[in-house]
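Next come two complexes, and both contain subunit A; in the first it sits with subunit B, in the second with subunit C.
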Partner chain A sequence: MFNLPTTNIGGQELFVLEFGDIVAYFSPYTTALFVFALIFTALAIVSRPEKQMDIAFGGDAYYAKVVDPELMRFQRFMAIACGLATLGAMVTGDVFNFTLFASLVGITNIGIVAAYRNRHVLNAAFQYGIVAMLATVPLFGGAAIVVASTGTLSMWELFTGAVAVPLIAKAFLVLGVMGEGMAPFYVAKAEITRAQGAPFILMVHVSSLLLFLRVAEIVISM
Partner chain B sequence: MDAATYSIGLVVVAIGLIVGFAAIIREKDDLHRILLTDLAEVLALVVIALVATDLAEALILPGLVVGISELMAVSEVYIAKEGLKAPEGPPFHIEVMDSAPGILALILVAYGIVLSGFTGGAVAAVGAVFYFMCRGHAEQFELIETVSGYAWAIWIAAFFVFMFLPAYWFFGVMMAGGAILIKVMAKMSLVGTMRRGGPNV
Partner chain C sequence: MKTNRSIITRMSATISKVENLTGLYALLVVVVIVLGLVTLPSITYYDDQLYEKTLNPASTLHPYDRGGVPFGTTPVKSQYPENSPYAGYVTTYLTPFSQWLADTTHHMGTTIVAHPGGIIDEILYNTRGFDTVVETSILFVAFGIASYLFRRET
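Right after this comes the complex of A and B.
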């Protein structure tokens, strides 16, 4: 019954999961992304926060930085939630669900970046939050234009040659994902790649990378 | 909606977006930027609403929820960033807050029950919120929570009626309408108690 109309990007579908008219699917491409996200979610679950030493320059003295368990727990929860949202975005077969998962990734990324008490980190998190909120405009706008011009949100319909998706909708989708996937830029800006609780920051990079790869597949196939 | 009207709507939204984004670029105060961002997000809901079908109606609610949760996250970051604390001192009080609540709450709750459903719950809840905000409160929160929980269970049961006993759809509609009324009202009336709450609010 289900045959992925375009096979040039994702390959044939391997497994199809049907929730009413929303049909999630695994093609070789999305399966690879899914497994990648799954590995990093598992890593976020099992990993322990990095403990850091500050060395007083010019002497033998050093002191250990304290990891606040409250913040660490919050950050780990957000990292796991981010992993789950990424998993959802990888397999969904519905454009609007993809945009919802993308904005969920955005929200959890705000949480991961915001779990610090430093003012400059919070500033970066705040600016990312503004960008992520603004990105929901083109993201939902793109999905709305898709449904207005084609009458469907299902990728199974949109990937066929019979349905033409306007260029502006594709551009909006990419623009929205760019906004939501902007988090690594702010991680670099706040210089927290190797801060306390370092392994959980990885999830920010993983999720935005996977979102970009997935939106490329969707936009090219449409 | 025909294509011409839709295009006009899109043009209006585009103008709104340009104005909103220009305002965000010019604004330097962080609090105002949050407010302007929320305004821009409303335009995303407008774009969805322009589709004007049942599907669009179903898409607006998740869009709204995502928008609100992002707004809450960014506001929390703002509070932490600025180190803001809840204000101390006696709450705001004027004379009309002693005389108006009874009658206004009565009218709103009665009208909400007539409306029933989600809208009715919201209208009735506005009455309850207003009453609690003005008059203070001394009720048991556990009771409200319990009622709200049962109402939610009835609401879910109504969906099972729709799915498994479609012949009894009218009964299901009545169950869902009444339960969601109580549910929304109970939840929102808790909001009204936040202002003069106990020691930890």
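Right after this comes the complex of A and C.
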């Protein structure tokens, strides 16, 4: 039914999924990202939390850290939700729909890091929460400028040469995704990667990386 | 050691504090917004909007008046009309459950789920229905986080 206007970035379309005006598409590029997100969502579903040991330096003593099942369950739920949001953001063919998925990724990332009890981790989560909330302004502002200046939101129309998207709308979109995808900074700074419930934290990195790759495709194609 | 630190050392020392990242991002947002204000006169409003909204202050339904004739046919614009073959039909508001109710019983017209919406519902539920689903998921996830944080011990 459709033909992707620009095939030099995402490649030829393979499969199209229609939700009314929102037409998700699978090109080789988006399919690769989708499969990557799918693998990590499956890993989040089947993986077990790490059992960690603290070794007292200079002696034989070690402590085994307790895995809190309730915290683990909540983080697994958030990691799976984050994976599903990433799956949606990878293949959606609509700018506003993409911004919605990006903010869903941001909220689930907050959920993953906010479940800890450590003070410095919670402090980092709070700072990230402020940035993610702040980022919704340029994110949805970018989509609003796109619809006001072109009259449509569908990427199928925006990717054609006839429609000119203002540079500032692209800048807003990139800035918004930057804010939502900033979580790995905080994860690295607060050293949450080696904290309790370790495997689920990986979803923060995966989702942010994939969001950046996808927004690059959108902005270049527009 | 503190006297002759290079500019890169000082920058990385600033960024390495989690508290400074928020300010850095806010600064970036301010710069881009100022750029946006400068380039704003060059952006023109596209008149042929797909999801148009006209305000009629004289109407008694003022902010919610979306146009259209009650119980008449209302044209609904959509990007891909072939994907929304039922746009403008009252029965497109039926959920799968109420569709089943209508198919199997005669009580559908008496229930509250049978109410028809306005033109805004047409856009939200028919042509852009997927957006409605994602928006509700955002609310659900936010509520899930808040309730977990509120209900846990300590």
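Here is the rule we use: the second predicted complex is superposed on the first by the 222 of 222 C-alpha atoms of A that agree within 3 Å, B and C clash if a C-alpha of one lies under 4 Å from a C-alpha of the other, contacts with A are read in each partner's own complex, and residues count from 1 in each chain.
In this section, contacts are C-beta pairs under 8 Å (C-beta built on N, C-alpha and C of every residue); 3 or more make two chains touch, one makes a residue touch a chain.
These figures come from a predicted structure and were not determined experimentally.
Q: Contacts for A:Phe77 in the overlay, against subunit B (first) and subunit C (second): which applies, first, second, both or neither?
A: second
Q: Tell me which partner A:Ala143 touches in the superposition: subunit B (first), subunit C (second), both or neither.
A: First partner only.
Q: Check whether A:Ala164 is in contact with subunit B, with subunit C, with both or with neither, and answer first, second, both or neither.
A: The answer is neither, since A:Ala164 touches no partner chain.
Q: With the two complexes superposed on chain A, say which partner A:Arg119 touches: subunit B (first), subunit C (second), both, or neither.
A: first
Q: Look at A:Val23 in the shared chain and tell me whether it touches subunit B only, subunit C only, both, or neither; answer first, second, both or neither.
A: After superposition on chain A, A:Val23 lies in contact with subunit C alone.
Q: Please work out whether A:Phe101 is in contact with subunit B alone, subunit C alone, both, or neither, and reply first, second, both or neither.
A: second
Q: Going by the touch definition up top, name the partner, subunit B or subunit C, that contacts more of subunit A.
A: If we count touched residues of subunit A for both partners, the winner is C.
Q: If you stack the two complexes on chain A, which partner ends up touching A:Met133: first (subunit B), second (subunit C), both, or neither?
A: After superposition on chain A, A:Met133 lies in contact with subunit B alone.
Q: Quick check for you: in the superposed arrangement, does A:Met182 touch first (subunit B), second (subunit C), both or neither?
A: So A:Met182 only meets subunit C here.
Q: State whether A:Leu14 touches subunit B only (first), subunit C only (second), both chains, or neither.
A: A:Leu14 sits against neither subunit B nor subunit C.
Q: Once the complexes are superposed, what residues of subunit A are shared between the subunit B interface and the subunit C interface?
A: Correct list for subunit A: 96, 100, 103-104, 107, 110-111, 114, 117, 123, 130, 134, 137, 145, 147-148, 153.
Q: If we count contacts the way the header does, which residues on subunit B are in touch with subunit A in the complex?
A: 6, 13, 17, 21, 24, 30, 33-34, 37-38, 40-41, 43-45, 47-48, 50-51, 53, 55-56, 59, 62-63, 66-67, 69-71, 73-74, 76-78, 80-81
Q: Would you pull the subunit A residues touching subunit C in the complex into a rising list?
A: 1, 18-23, 70, 74, 77-78, 81, 85, 88, 94, 96-97, 100-101, 103-104, 107-108, 110-111, 114-115, 117, 123-124, 127, 130-131, 134-135, 137-138, 145, 147-154, 156-157, 166-168, 171-172, 175, 178-179, 182, 185-186, 189-190
Q: In their shared complex, at which residues does subunit A touch subunit B?
A: Within the complex, subunit A contacts subunit B at residues 96, 100, 103-104, 106-107, 110-111, 114, 117, 119, 122-123, 125-126, 129-130, 132-134, 136-137, 139-141, 143-145, 147-148, 153.
Q: Going by the contact rule set out above, which residues of subunit C touch subunit A in the complex?
A: Residues 16, 18-19, 21-22, 25-26, 28-29, 32-33, 35-36, 39-40, 42-51, 78-80, 82-84, 126-131, 134-135, 137-138, 141-142, 144-145, 148-149, 152, 154 of subunit C touch subunit A in their complex.
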